[in-house]
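As written, the chain order gives the labels A, B, C and D, with residue 1 at the start of each chain.
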Amino acid sequence: MKHKMIYADHAGTTAVTPKALEAMLPYFTQGYGNPSSLYAFGQQAKSDLEQARATVARCLNAQPEEFYFTSGGTEADNWALRGVAELMALKGKKTGHIITTAIEHHAILHTAQWMEKQGYEVTYLPVDGEGRVDPAAVEAAIRPDTILISIMAANNEIGTIEPIAEIGAIAKAHKVLFHTDAVQAVGHIPVDVQAWNVDLLSLSGHKFGGPKGVGALYMKKPLRLPALIQGGGQEKGRRSGTENVPGAVGLAAALQEAVDHLAEESARLAGLRDQLLEGLTKLPYASVTGSRSQRLPGTASFVFEGVEGEALLLHLDAKGICASSGSACSSASLDPSHVLLAIGLPHAIAHGSLRLSLGPDNTQEDVAYILKEVPAVVNYLREMSPVWDKDAQKPTWVL
Amino acid sequence: MLYSEKVMDHFEHPRNVGEIANADGVGQVGNPKCGDIMKMYLKIDGDVITDVKFKTFGCGSAIATSSMATEMIKGKTIGEAMELTNAAVAEALDGLPGYKMHCSVLAEEAIKAALADYYKRQGKEVPDNLKLPCEDEEHGGCCSCGH
Amino acid sequence: MKHKMIYADHAGTTAVTPKALEAMLPYFTQGYGNPSSLYAFGQQAKSDLEQARATVARCLNAQPEEFYFTSGGTEADNWALRGVAELMALKGKKTGHIITTAIEHHAILHTAQWMEKQGYEVTYLPVDGEGRVDPAAVEAAIRPDTILISIMAANNEIGTIEPIAEIGAIAKAHKVLFHTDAVQAVGHIPVDVQAWNVDLLSLSGHKFGGPKGVGALYMKKPLRLPALIQGGGQEKGRRSGTENVPGAVGLAAALQEAVDHLAEESARLAGLRDQLLEGLTKLPYASVTGSRSQRLPGTASFVFEGVEGEALLLHLDAKGICASSGSACSSASLDPSHVLLAIGLPHAIAHGSLRLSLGPDNTQEDVAYILKEVPAVVNYLREMSPVWDKDAQKPTWVL
Amino acid sequence: MLYSEKVMDHFEHPRNVGEIANADGVGQVGNPKCGDIMKMYLKIDGDVITDVKFKTFGCGSAIATSSMATEMIKGKTIGEAMELTNAAVAEALDGLPGYKMHCSVLAEEAIKAALADYYKRQGKEVPDNLKLPCEDEEHGGCCSCGH
């Protein structure tokens, strides 16, 4: 019989929390007015939308007018990069230089690659073995024509937290705009846009108990990027389209809830996570990917030599454990994750990655179950692996 | 669902896993860089493949195609085994997602490599249709992922 | 005491129908898996998403693979225009000519204007007094370098239905790509992408009882536009971002429901609408805007000379009637609607516009109430208007 | 909400609507093209505005500012009325949305135009501060909407 489902893919997406759902529900069938309409029924929706914006701003130490709702983290990332480029183009700088890292989410990387085709130059900074960017390397990469630095606050695959405040100080000193993709950070670690000195920040609702399909881009006043999506002039003309009021309200409610419980919940999750990190590296040729100290509280990530990640996931799924190997998004690609390669893993080893990302619904019992099942599956797959020496308990390859 | 029920069945309960101690032919294809390596062991009596085992490092469909391929050649003649195409393996599994078709190619090639090894051990010339497109590459075998 | 609210702004937005909400609800807290994840829980979400896509396709006589979910009609419109331009640029045509109309939604108009700044040439076709585009004028505007024709299926302000099938045949004969913004048409009139010969079509969920923040772009096979929003490769790499599963499911459920009841409900609405059109034009110097015969079933639109639209709306609001003056989106602008000007109305008259758009919740009683209250408010405002001659019952202006 | 309670109160229950048959000064500003026309009627006794009425074609804030402006000058001296600024009218209404501030300008100008008319009718020279920036335009008055 199948074990009850243990969802350990919270970095991929989360359930909407009951509180967030409750906050959203009235806006589907009752308070469904269009915020751009004049009558009180629409103006009420507008005022609830602004309330949601104010909540988001409060949670991140910003001003409400500095937040623009989007359809998610991806749109916010696309907008940040293309918007800065367009802003600069309006000022006469038709090309320029962008600094980012080799471990960004594809929402940044693919946009950056697209911009290279448009004539921009992009520096993809390397990271160390733990996935950390060196702030000194950021500073060294700045050129007179650098229009933007975009560095993620925390990595989605290996959970490494980047030195954003240090990079923010450098960007500020050099007067270069600084964007951070904080999709994995917001709601999980303290985020303070002022302390971080960021000009732009992306977040996505469904990563912290809010709904899918809604996110936000923070723009530090007086920075105002041109619209990526144009039309009816919503969001002060910078992001058109009838406002997703239930989405924004749900995002705000979830963020408030996450921030309210951040200290205790992150401590609890870090405790569970550390059990995973320690327990699963007792296996031979198993190691943690990412940083031990600078790590998202819920994210445990590994590589197991001699096994392949997808096979591992499918067996875990059969045992009721939902996990991920690399980024959920890239599961259809044949290449191992760019993040794992960037931290220096050989391809063969990178293929054996596993990410277990915990959330509010995970318990001590879940962890105990995972600690029992993952080794069983790894051992089973190694038994049938032509590259694993059963007797010596090590891979046969020389990489 | 990502995979057909047949694929999942062969993945979760793979047939013929293991090694054959005194195999008459052994072939390994794939590349750890690509995340797929298949090793086939054949026991051949006269013209007939009397036993076959495999070991696979790879994704769900790599394991399922290995399993299915071994089932499809067990008890068959060498000639019949030589005819086995990757398309036939994939079809027997009720299909594979497009980007996983390379796994079925690997299964076909693993059998061919094991048969070629058998011919070599027998001191016979390896038939042309058992030659793999990139036989002399390092790590033995082809890699459809580009490495 | 305030009358119960009569919502007569369905062209602005609609409530989510109970069925659509019921269809969506499980995806927030139960079936919340990420469709891009490998485990069965995620694959189930994926298969439900594909089911939704298939439903949408069936409703519009298309193939499921031809639909890409977006964050709404605005994004779909932006994507259609910019995507075609980028596709052509990839083929070496870095500039070109676009044909559209003067009465498009701002999602098209502002994107077209933006493209003019990028070096494209845009023809904004005029319309006749009823807001109809002349297919012959479309044909005459086609040039060798025309890359796209984009003409809305039905206008949001005056409810006029455009001759899309005729224009589609012309576009096809000339081998020019044809996009239609069908945001106001889908779910309200029969839409058949094959009969219409469109290559691209935009729709938006919240205009027919689905949720806000989700829409779709249809692309006729084998046409494939490059992504506007790039990242994790969702939607076959053409629209990245974690899929809004509840949104897509809700959109599909609402569309199915609308299509199932289209014939009877549109006949019912047209009956109510015609009462409004006839009843309110009994007032002197009151006229219908848009076409009488080629008209969305739920949309009644007018101009009342000598009164100003916002004042009219606010008084109607005080009486519990939610209505709109021009497009909801443009209510903060000082200029009268571009649509009303395009059909030849002088500015002064265009300021006095009113749109009443009916939906499933509107009844005969609602219409009776509206027929009583609108004339009362118009008369009241005319009484205090310096440009209304009370005795002669006509405006004092000579325009 | 779009407007403050005060605006809504003056919009829904405008004070001093109407005409004054034998007004001592009448001024009209605005332009139907812009969707706003205000007409002010003044009754002046000596130096004091003893009665004031208005008619307005325009949006909610145009009506509310007309109403508020008439209240603010009723019973006041001409000198005091001349001092009335659009900012003071807007403030008395607890503010207006930014893009509606032009309505308060219109109210200020309507009063000035009516006072200028009074001076003219009296055969007196119109004081400079009653002259409107674009007095000689057609349709009488300024248009902040650009037409």
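The rule is short, and it goes like this: a contact is a pair of C-beta atoms (placed from the backbone, for glycine too) under 8 Å apart; a residue touches a chain by one contact, two chains touch by 3 or more.
These numbers come from a predicted model, not from an experiment.
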Task: Winner on C-beta contact pairs when C-D is weighed against A-D - done: C-D
TODO: Round to the nearest whole Å and give the separation of the Cα centres of chain C and chain D.
DONE: 39
Task: Computed distance of Cα centres, chain D from chain B, in Å - done: 90
Task: Between chain C and chain A, distance of the C-alpha-averaged centres to the nearest whole Å - done: 34
- [ ] Averaging only over C-alpha atoms, locate the centres of chain A and chain D and give their separation in whole Å.
- [x] 56
Open item on the list: For chain C, give me the residues that contact two or more of the other chains.
Closed with: 38, 40, 310, 314, 332-333
- [ ] Write out all the pairs of touching chains, ordered by chain label.
- [x] A-B, A-C, A-D, B-C, C-D
Task: Residue ranges of chain A in contact with chain B within the complex - done: 306-311, 314-315, 318, 332, 334-336, 346-348, 351, 383-388, 397, 399
Task: Touching residues (chain side chain A, partner chain C) in the complex - done: 5, 7, 9, 12-16, 18, 21, 24, 28-30, 32-34, 36-42, 70-75, 77-78, 105-108, 110-111, 114, 204, 206, 211-214, 228-234, 240-247, 310, 313-314, 316-317, 321-325, 327-333
TODO: In the complex, go through chain B and note every residue touching chain C.
DONE: 1-2
- [ ] Mind listing the chain B positions that touch chain A in their complex?
- [x] 8, 11-12, 14, 17-18, 28, 32-39, 55-60, 62-63, 97, 99, 102, 145, 147
- [ ] Within their complex, state which residues of chain A touch chain D.
- [x] 38, 40, 43, 47
